[in-house]
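Remarks on the structure that follows.
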Amino acid sequence: MVNGIVLPIKKVFSLVDTKILIEIKDDNRKLQGRLVAVDEYLNIHMDETTELVDGQRGRNLGTVVIRGNNILSISPSS
Amino acid sequence: MVNGIVLPIKKVFSLVDTKILIEIKDDNRKLQGRLVAVDEYLNIHMDETTELVDGQRGRNLGTVVIRGNNILSISPSS
Amino acid sequence: MVNGIVLPIKKVFSLVDTKILIEIKDDNRKLQGRLVAVDEYLNIHMDETTELVDGQRGRNLGTVVIRGNNILSISPSS
Amino acid sequence: MVNGIVLPIKKVFSLVDTKILIEIKDDNRKLQGRLVAVDEYLNIHMDETTELVDGQRGRNLGTVVIRGNNILSISPSS
Amino acid sequence: MVNGIVLPIKKVFSLVDTKILIEIKDDNRKLQGRLVAVDEYLNIHMDETTELVDGQRGRNLGTVVIRGNNILSISPSS
Amino acid sequence: MVNGIVLPIKKVFSLVDTKILIEIKDDNRKLQGRLVAVDEYLNIHMDETTELVDGQRGRNLGTVVIRGNNILSISPSS
């Protein structure tokens, strides 16, 4: 059904080992960190993770695994 | 079960490379951008993405991957 | 597991090409329009879509694809 | 994994053609009606459906298909 | 992927025919009752069910089937 | 699709028998305890579980099974 199309998940795979920004669903926090691993459900393993609350750097969270269904968006972190 | 019927997802596939408007669930933001890729879960890879808050153009988000389950609707952007 | 039973989704398939009413989860809007296509996840492709807010006709949305998990209910529109 | 156990869904199948009460997630409404069909996702096709708001009989909804993931509970209606 | 590990669901299977306590997602109610059946999605069939609101015994609900995705946690009821 | 990549879930498997911290979706509670078992859906079986509310130690919950979709994140507990 999707052959010949580059899947959205391929974009995320290309971000492994780089810094990403994650928006959490229904939450005013964002999480920024290095993408260690991702799977087909968009479950994310990050390290060097920090919270961003209203654009302000918050707590250091270190290593976290985030469940994909609660992630709104993933983008490269500039 | 669905043979002979054109699937809803086919409509979205037809929008690849065009401008789309995404409504996020439980969120007063919409996202507008160019649809780069979509998969069977309606995960979306967009670029040239901008937020629309209450119909007003908001921040430029550039490239984002949005998880399908948090998307309420996808429509062609006029 | 479900043989011999007419599935709920068959009811929705029977509504293709007719006017339907969709209740969105956690949202005071309903969407009314013509059902173009539906799949096993209850993803919906509608056209001639209009919003109903508190029973009042709202904006015209035209063509939309709605993700099934965010749909509360689908019914024939009288 | 579940052989030898009567599945929860079997309980719901046993309610086909009887009156049931559905609690919707995050919603103070309940829906009461006759269970016409149900599938493995607990998608529900009901008819003769009426809303119950704070225990008071509300609008008649007639025939509705409700998506399983937004259903909190299903019980026999006494 | 999970061989050699005792799955979380096995813990729940071990609770069949005993009293359990269920926390509902985004709801200040808990449900207490006897676990009749459970499946791999953590759909639950309980009987002798009573609501607990703020630790106070509430209504008797009798027999209910609860959809797994709306369950936050399941624990043995002491 | 994901071969050659260490999956996020492998990180969680590595935490079995150690103390973890779980963030619940849309909830100001965190749960801290020993990870007994986890499956591919990130369903979690913990024991010695305690609530953390606003960083304060709350009730002891003992043994709980938490459904994966309602978990926001899992991290090693320092």
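Residue numbering begins at 1 within each chain, and the chains themselves are lettered A, B, C, D, E and F in the order written.
Here is the rule we go by: a residue touches a chain if its C-beta (ideal position, glycine included) is under 8 Å from a C-beta of that chain, and two chains touch if they have at least 3 such contacts.
These numbers come from a predicted model, not from an experiment.
Asker: Out of curiosity, which chains are bumping into both subunit D and subunit E?
Answerer: none
Asker: If I superpose the C-alpha trace of subunit E onto subunit F, what rotation angle comes out, expressed in steps of 5 degrees from 0 to 180?
Answerer: 60
Asker: Using mean C-alpha positions as chain centres, tell me how far subunit A is from subunit C in Å, no decimals.
Answerer: The computed centroid separation for subunit A versus subunit C comes out at 32 Å.
Asker: Compute the distance, rounded to whole Å, between the mean C-alpha positions of subunit A and subunit B.
Answerer: 18
Asker: Can you list every residue of subunit D that touches 2 or more other chains, as numbers and ranges?
Answerer: Subunit D, residues with two or more chain partners: 9, 25-26, 69.
Asker: What pattern do the touching chains form: line, ring, star, complete or other?
Answerer: ring
Asker: Could you spell out the chains in ring order, with the walk beginning at subunit E and its first step landing on subunit F?
Answerer: E, F, A, B, C, D
Asker: Subunit A touches which residues of subunit B in the complex?
Answerer: 9, 13, 16, 24-27, 36-40, 43-45, 61-67, 69-70
Asker: Please name which positions on subunit B make contact with subunit C in the complex.
Answerer: For subunit B paired with subunit C, touching residues are 1-2, 5-12, 25-26, 42, 68-69, 71-76, 78.
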